[in-house]
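Worksheet: one structure, shown below.
Chain lettering (A, B, C, D and E) follows the sequence in which the chains are written, and residue indices restart at 1 in each chain.
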């Protein structure tokens, strides 16, 4: 019996593949890739990996401007019709050429409800796509849709022939893209190894291979960095960052992102139905302390529920000052002293922020009950009726489109599942901004929308989140606001 | 006066491994008259303890009848059984496990009186004190726990508990075989004295023929689930009719070298067969020094020979 | 013997079925994964449509029936979250957990049983006291704490062993030690009791009266007899090891089914959870059956059906 | 008289401060059966274990010399002692089934006494099994203890004990767990083997009937001390110690008057904690006087090769 | 270890008592409010003395006094363990008694349920159940209580079977005692010893389980301290603020060690097999 166990044990160990190679890059991610198929992706870790395998229709440059990738140029034929000119020199990893048919197939695949893409809602403004030339495709949208280009940044182009040949399920395991890296091995729960695509049209990547390892525990990720088992990791907290600051072999790479840390305040139920209570909360929360103490400075103050990295940011809308005395007075005026607020949360959110807010509100006479649930239960309640949704919750929102439409529309537009706020004037502004292409006019609408939000306080912008990466000092890379993780942009420093 | 215990054709079978039932007791009949003590002797596995457990209603008969003071136990319901048990009490072999170690002696002795609503409070205490004195213990022992007593004292406590309800029949299952020699005499004296004083009937189960002779009026010998012989004491010991009885008597070592070494040896060969597969014919024939053909073929009749009842083809 | 084994298999099937049923309903009561599968900006209609597509708007009993029907066809289904066959997802993780369980068993048996024997044979000695302290320590250490301390010491400060992952034999050492500690204590205690129990029996005295040394008596007679309770515990402990793997795998980022189970419960990936539970339950039941067979190998009384 | 096979002198054993065996001595000649009788806790089994040097860890040997034939063995190192066990000094136990390893075959265990495997010693083992009256020894040799009855197991134990032809056999209550008819068989067997093989047997028992059956000489023990010793017939006919006398009188016999009052030894055996300076039987003794409680009566000759540890030995009736 | 109260056992009992006192008297002993944050005093090392006072064990990531939190954490550990052990002891013993006394189909039913429960890893079951009920003190007690009873049932069942065959039970039957009386007065007191031994072992395990679940974020909810949750929060600071994991971990270890030692001592008293012979 013991011998059998021993043999089993040895066999297993021999079956486990060898250590990642030195001329490769090792990335520690908090989790494993859930789906490799870009059109099925719903989580950040999958997103981080597959984007290195696929090209997108368009991309953003270092300054955040929409830039060509598969598409070289685009123009509006009318408000609802956009024509894209495509590159003709791109080949997939299997050697076949990337054609307009592949682009059309990719669009149709993701907007087909039967395919059940988790990203459907980001693309469902597109009604149809068609090939309109040997190197040209045309997209039609339901209404004029200003955020379209921002969304297309996330549209990965998949090879039609391969997908049809393998079927969706197998394609998900054995993806073929046209990006700088190709999939070598995917060991579920352990790691994904990508090999450089030497024939890449933008040039040869700086690494022979990239290994993305799943390391759920942040302290283990840090330990891996220290011991040289990993070259770069993401998803570090400001405290982790502080701890790593003194490490000579490591560097911290930080960038303010389009992710807005905010607090939801229920305007339709509970003690916070009273606008004065909501305004008092806005004044009770000491955002400066949160930024300096909790975030250790890894955050930028904001005045509204949007970051400067998004289109639609209006810097001159006044934020609420930190004024506990006035907050207390307002609460007294509203007769809400000692009222109990339910603060819904899940382990996905920063526990410390919850507890800090709990204490800040306690100081102005509001009792806060932190109710922790697991993520599905949290979502069910938060997205349910106003009565279920609790009085408060925190969030870190990013639409990965860098547009106000992707933030305040789902958060506060009446009828949206997240919104526990109904204000016809606000609805009118955001609806209008959604269907105009002219940036100047859109900005005006957003200014008025943010004025309303400021007064009504259905949510409080806390800070602009800063993404923190830690890497070996020799790695050269500039992270971007949209948290894209393009290994193509990295290299060893000479 | 009718019999205190009347057993007719009693059989008790247990489910055995692999189909064949274990015939622990297979067709036993006897009775006990008021005031009489019947000894039941035999070697281990002969079924004597099964008989005693059936008499007190702890086992149900597979076949036959067990009547205690005229009440039939076979097929009786719980109420009947409970009522009958008030009149039949038992003394067990092992005085250590016969008493709940977590219960005081007083509580143990008083339990039958308490749960049957005979006495409570001060009256119960007085009864318990009297019972303890009756078996030669001090009333102040009531507050102690069993582990504070020696084996002999514990057996006295067990007897006191059995006497609490003044039973008509006392079943003693090897009451002295776990006791040291010097204590054994104390308990035997006590049992003999109590029988005489209280006029109880008694079923006395033992493997020790000398002990049985000492306390019993009549003696039944069991072998492999059946009775071999049943006779008045003097008849059985003076003139055993069954070859098994003879062998058994010959095997008992007398504590007197002069007697013991002069004794004729009746060597019994072999071992007791399994009660799951008893031999055909006379069950004793496999070990019987006298066995002839008929013994192997025909089950001997239970018949009267002189004063004795015998199950042997050859008994004269 | 055969009948006994058949009976055990029957019991095992009933138990496994009970487990599946219990887990099915408990999971379903906790809500479905639809909300986790839609992007943050999805509308209520989109969510409802997806829920309908996934079949979570059907009555629970219907879903249960459908699940059993699939299971009867040996179809474990497709993961809702990973969009891949569950059999593969769980199957890829199983070797890791088995390796971890085997590693911990090696630690637990390799240390626990000799320690238990030594404690019994040298009862009352300084060695026994030292071993008792060691065993008690193993039994009282919280796995996650010892895990962190191990990582800190051997991984970070000394740099002897990899801090996480599953890509070399070295990575198996720390998780195995952390997970095996508790089981090691159980084995040591059980072995000690079993050996003491046997040492007090007459046959040991008889063997020594025959001229065997204590060591020979232990080696020739005691260990075989003491093996039966130890085998029983081994079988039960495999279940405990799989359970303990949940925390250890999380701490050490060990990609086994424990980690998968936690993630899948959080993601409400029903079929994955069901399959993990099914697997664990089958392993538990299977090891207990093996233990039954081992008894027969050890003990002629069982082998011959006495 | 020939040289004794075994001589024990002044054996004292203690648990903590309590001397549970105190100055015990006896000797056995080849072919002789000496019965060591007494009630439970009198120290008779411990005495045997001390002779074997297999005492439980909690027991301490305070004094004592053991001679096996001409050899003094009480100071031998454990390794030498091990060579004697099973070869020149054997022991059998009360529960024959418990004294056999349930997982090893009969043959293995018998052969073990020869330090051989069954394969090596099969003919010898077979012969020995036959000698102890086991029918069909070829089959029994490969059977397990659970397949054998209690009597058969005791025969196997005797076979393991005697196969090396030891000079001394210590038999600790060898028939207590057996039925009377089987007991008779085993006693006959022991008697026969002792005579045939000239083995000295120390028979430990509490049963006066067994003693009367096969013992040549008796040593009666009480509370860790020898009360009296002597030839069996003499002791049964006229005990010289009040304990022996009362013990014999308290046993129901096939010859006494049914339902008569048996003689009783009042009270109970003192526990080691209750041992006083004097005679340990004094508290229960009808003959005891003040002196008995203060001084330990020495074991003294009372004629006919008999020794008694009683100041009033001559007054015993 | 002997069954008597030796100086070692006395020390052990004193230590256990100290833990209980720490838990009960936490409000008196704690130098600070365990919930009071000072974001500006985050992660101060042990022994830091400031105007506010001395932080003997340092402060946590929200500037709360670690000593006070550890003291209050003892409450969570002991309360959860005590309550959940009570629940499972009660349920398990009851079912075991019933199965052992009535045998037949109640025994089959109960023991199959036991098999089922035992073949699900306890932690997994707990995680699942917490997912349904939501975390929190009461739910934690319920989850642990209702998943651990099979261990008691097994012991109670085996012991009841054993005791039910003893002569004194037959004597009680013959005395006319009802089944209920026999179970309560005769069986229960005599199987209580082994059950208490199981309960002690389980008590130690429950302390570890509570900490484990709190560590996974499924136990006692913030801001209320539990050793597991303090360590869970402190895990990300192991390199920078070791005290957050070391002190509660050490407390946990010592407490469980004491409980286990106590269990051993109890086992020796209850189970004569492991006593010296």
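The rule we apply is simple: a residue touches a chain if its C-beta (ideal position, glycine included) is under 8 Å from a C-beta of that chain, and two chains touch if they have at least 3 such contacts.
Treat the numbers as computed from the prediction; the structure is a model and nothing was measured.
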| item | value |
| --- | --- |
| Least hop count linking chain A to chain B through chains in contact | 2 |
| Pair of chains ranked first by number of touching C-beta pairs | A-C |
| Label of the chain whose CA centroid is most distant from the centroid of chain B | A |
| Averaged-CA centre spacing for the pair chain D and chain B, given as whole angstrom | 31 |
| Chain B and chain C: spacing of chain centres that average the CA atoms, whole Å | 53 |
| Averaged-CA centre spacing for the pair chain D and chain A, given as whole angstrom | 89 |
| Where chain A and chain E are represented by their mean Cα positions, the distance between them in whole Å | 42 |
| Residue list for chain D, restricted to those that touch at least two other chains | 57 |
| Of all residues in chain E, the ones touching two or more other chains | 131, 235, 238-239, 276-277 |
| For chain A, residues that touch 2 or more chains besides their own | 217, 219, 223, 374, 377 |
| For the chain C and chain E complex, residues of the former touching the latter | 11-12, 14-16, 18-19, 22-23, 26-27, 29-30, 123-124, 136-137, 139-145, 148-149, 152, 156, 192-193, 196-197, 200, 236, 239-240, 242-244, 246-247, 250, 258, 261-262, 265-266, 273, 276-277, 280-281, 284-285 |
| Complex contacts: residues of chain E adjacent to chain C | 112-113, 115-116, 118-124, 127-129, 131-132, 204, 208, 211-212, 215-216, 228, 231, 235, 238-239, 242, 245, 249, 252-253, 256-257, 259-261, 264, 273-274, 276-277 |
| Residues of chain A that touch chain C when the two form their complex | 1-2, 5-6, 8-9, 12-13, 15-20, 31-32, 34-35, 37, 40, 42, 113, 116, 118-122, 124, 168-169, 172-173, 187-191, 213-217, 219-221, 223-224, 226-227, 229, 374-377, 379-380, 383, 397, 399, 406, 409-410, 415-418 |
| Chain D - residues contacting chain C, complex | 52, 54, 57, 78, 82-87, 90-95, 98-104, 109, 112-113, 115, 144, 146-147, 157, 160-161 |
| Interface residues, chain E side, partner chain A - complex | 35-37, 39-40, 42-43, 61-63, 130-131, 134-135, 217-218, 221-223, 233, 235-240 |
